[in-house]
């Protein structure tokens, strides 16, 4: 743990905002997204609250009101802005938030230079991983926020569309396997304990469903045929008027979509993105396959390439055997979300470098489309 | 399969309504409950639609509009009344619905006497199990509907409060176990295929949490302390103003509750009922235990007594390996609900005789309290 | 004031329900309508509360809970069922409500025979006028409640469609006129005090807009052209998806509608019914006219025939000069509604005999369509 | 009409924003308020659309997308941003909007110097009055937007609290009076035609209700006593949890409030502000008086001082006799709002200099509190 390592990760957050206008930092287009300014401040608040206030002698808080503004959901840390009001907080200004970041970094420099213990390192590492998680959210939330604007401004020059090979099926044999995180490296509490699972034999695709394949599902009436959909998925689709993945601008004449880099032609060979779990499951049903469970995904993951899309699994987000949440506020990090959400595996084009591993358990409610979410197919072996 | 067997099950539905006034059959106090009249008709519609129309030669439909009125959710069978409008359908009258039941039974008599094949038997058995499921809903929905009335009318003379022994812990060893339905008897598609699971060692209580135990949780501020609750559970509790299990009439002076048999004193030794999954999980957290998974429940179930409360497990309702849904409308029975719901195991005081087994997978969204739902505790073995 | 007079008015309420099934009495399809059973009981509660309890010595209340069930909105009289829960009250049953009516009538007989003073007569008269108001609501609410049912059951054999003559314009000269109720007969507090108004000259149609005329507005795109609509009206139309008057079943091939007497062909020559104020005003704008004010209506009313439709005026419901509300609960009758509502003048096919006069001020929020509401046109004289 | 006159009014809009941070210009805390940026741009769009495009030869539009962004509600001018999305439009930026203002002003300079006709002057005058109306909204919307922030930032150094004298009653005699705008000066279409009204004698207070007087109403339980409230007002108060005027920060120990100039002690002698019509009417009822009608206000207005608060009248916003709306888009200015709103007379501390007259008819829905609204009492003469 060096300050350079810390600084390198922190600077990426600011880099991701390098194309923004001052106004872009403040808005919040839906309750489930946050303003860019909020992400920048909240990640700093995390270091201030869980590291500096506890471990740096004589630390002076940057501003007495910031904890109220930038606490996310830690009930144990006290009151906070109502989530859906985050986009109304014009003060502190963006400039003040950048000052806050600078101040926290300076103080972290003192701390890393003089007060590093194993206990501190552990929390700083958590803080850096936390920052990286928010870097992904920063991008996806910005994309959602700027998408509201008919001018479709670009967020950043990031190409969303990787190439991928022809589909090949990987076979996995029946038996007891072990999943979950082992060893010394950093992981979240939800990846532990590593444990045995019994899997029946299955085969799993070595690449993701492409835009072209999904477009066929759309064009053949997939969104009008309830037999492919979960009951809750069908109700969602009807209530929201969903007709396609988020950000598609597809009509009879054109296939466009909105990307981080602005409006672009839909790359038909690239992996699909921005589908909800409901859409992923309906597509798999229509195509005659199913989604893998998270254990099936993890066991096979060394045999395929992954990392451009978060892949919906058919596993609900639940605790592993011997899961233990941390004591205190840090314990709110993962455990309290273990209901009503589905596990996603892999990583995406928006994931920060060095922030992915095959045991990583991402999770979202099944109706969300705003992450870079895609589909990998699976089937039993006859 | 004899007509007597069929008739005996069908008659229970009518028996359950024997205390009702004509007006009681029609109302619907919330979208998730149905009018008694609707249950009586819908179960008959099931036999008419899936048995009589397909297998009884020259069958004459009872009334051309009834399919519209009494289809529940079978998209494959066509249009139907909006679910939340069921309680506004004063016609057909209760009397006409009883006539409908009589007609369907008479025709089923012809069919059972003269046209029984293996294929028919299979669907009739499904229809009878379907009727039994609706018998439980009939009771729980009636309880919910009549609860709206300040007079708190009784539904039926059913005692909700069984006795139970002191708590003892049952130990299960680590290893591969097999769960799911085996053999020839009737089961739903969701109980198959039987399959192997790997369980770590655990111990599980041989009885349910009592009203007294849960009352302590309430009195010690359990509903005011977010640290025990799932994030979604806390939001639910705040949005709905939940302060206790459904049907409790508890204040500083009195401990009453509403039962099928009217207003009664809360039996403190009896097993708790009418908690949501959120409450069940929060209670377990507060008490220092956890809920069992459905596999843990099933593997241990031969060693404890069960059947008075549906027991929330910490398993999401998901397909078993090799799960196959039936073709056509019947295939909508189970599979399309396999997201966002939690599995309950056991049975309840409202379950019809002969309608329970240890592989039975009941499921509800985690916020529902209106079923006879209770809590069994579990813990790892150190 | 004789008991026969009282009884004759009371019996009409029961007559209006003579075609109903028991189930029909209980339901409530929207918050602004009430169950038939509720109207029957509430009007009896009015006599019990404001007459019998106060003026009949030793009067024994019929049932201690009925005041809770059947108080409408009198805050001064205490707690009551939430308005939107009225349709869930299966008990007291319809039969018990009829018993209640019988008991109240019997007791009123004693009172009228033995305890009649001027003060009592005044309140009994108010009670009878109140009953007649509810008779109209009983019919319009029943129509709305049974309209939910695809079988479109008839409420009662009432023909809704009167004939009317060719349109002629009545001229009124500029000057000071006097409006409001004068003299000794019964009127509501809102019709007083009679007072002077200054009117500019105008001409007013001697008949109402017909179905044929309004159909032309619909067919020529009236519901798609914001320029004719109030801003709030346009928002209402878009939010609710309104495309025509309530109860119309009009498409390219057929012109049907739902009437008290069941489904009938739309009588094109008959006066239009079931439009909101927004529709009335938009129609008038489209046709190049305007709606009259209530003063214009009242001043001219002796020169035209009226009484088949409530006629929307362009007057908001506000107090007359020197308006005084009665002391106590009776004072809640009218005054507290004097905001956000528009005045309707005339009477309708659903109005009880003897319950109309030219000074009568009916009032509803401008979006309601479920009364028998029509349109009379007006214009300035050039 | 000179460019200096035009420029002086336009510059006030920018002056009102002189204390803001860039972020403050964009947000919108509720559907009924707009971002500051939007007001600045919309008022420019008005000149561009109704003046420059029509009357300045070879006028080049500033930006092809701005009409979509900055049209308010003119259906005749085409599509526009959904009202509740205005606060999500980070682009065009504040800087671009200021450029837009500069461009429009430059072009207006050309127009005023070279192309002024009577027709043009009339529309320019309307545009300037429109700008002044938006200047008041700019202030009140900013106050509402920044009020969301726990830091309670100041909008501008404006003192809200004038002094006022002891109350004296002005007597007006019964008779025919004339109200509405006469003569040549500018007025809105809704102030015409001037016309005769018949008024009964009344007396009206020469000053407004003070904070101290209203505080007494609050402290004596005015918000808990339905007998003083309109039925709709009581429902509003219960649904919204209203306990006091907007912006009050009053508790047992302190009387503070939020003002344009930040958090200040409540000046008890100053006129009350920020009450809804419901509160105004309930206060008057509690105090034993009533609100004046708009005619009563206008007839007496020369005898009292006014202009610090918009004064709720008991008149609904309806057309005057012979009211004519202008042809085309300009006709949407006033007429389409003439339902469901109450008239306010006077002006306020936020009203732009030169933008008030005794015939001015302001109007809002009765539940709004965010304008500087106060109470003048009235009574009949016995």
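First chain written, first letter: the chains are A, B, C and D, and each begins at residue 1.
The rule is short, and it goes like this: contacts are C-beta pairs under 8 Å (C-beta built on N, C-alpha and C of every residue); 3 or more make two chains touch, one makes a residue touch a chain.
This is a predicted model, so every value here is computed, not measured.
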If we look at chain B and chain D, which chains touch each of them? A, C
Report the chain whose CA-based centre is farthest from the CA-based centre of chain B. D
How many angstrom between the C-alpha centroids of chain D and chain C? 36
Provide the C-alpha centroid distance between chain B and chain C, rounded to the nearest whole angstrom. 45
So what's the Cα centroid distance for chain A and chain C, whole Å? 57
The chain pairs that touch are A-B, A-D, B-C, C-D
Chain A partner contacts - residues on chain D that touch it in the complex: 21-27, 29, 65, 68-69, 81, 85, 87-91, 93-94, 145-146, 148-151, 153
Touching chain B in the complex: which residues of chain A? 73, 75-76, 176, 195-198, 200, 226-227, 229-234, 277-278, 281, 314-316, 318-319, 321-322, 332, 336-340, 342, 366, 380
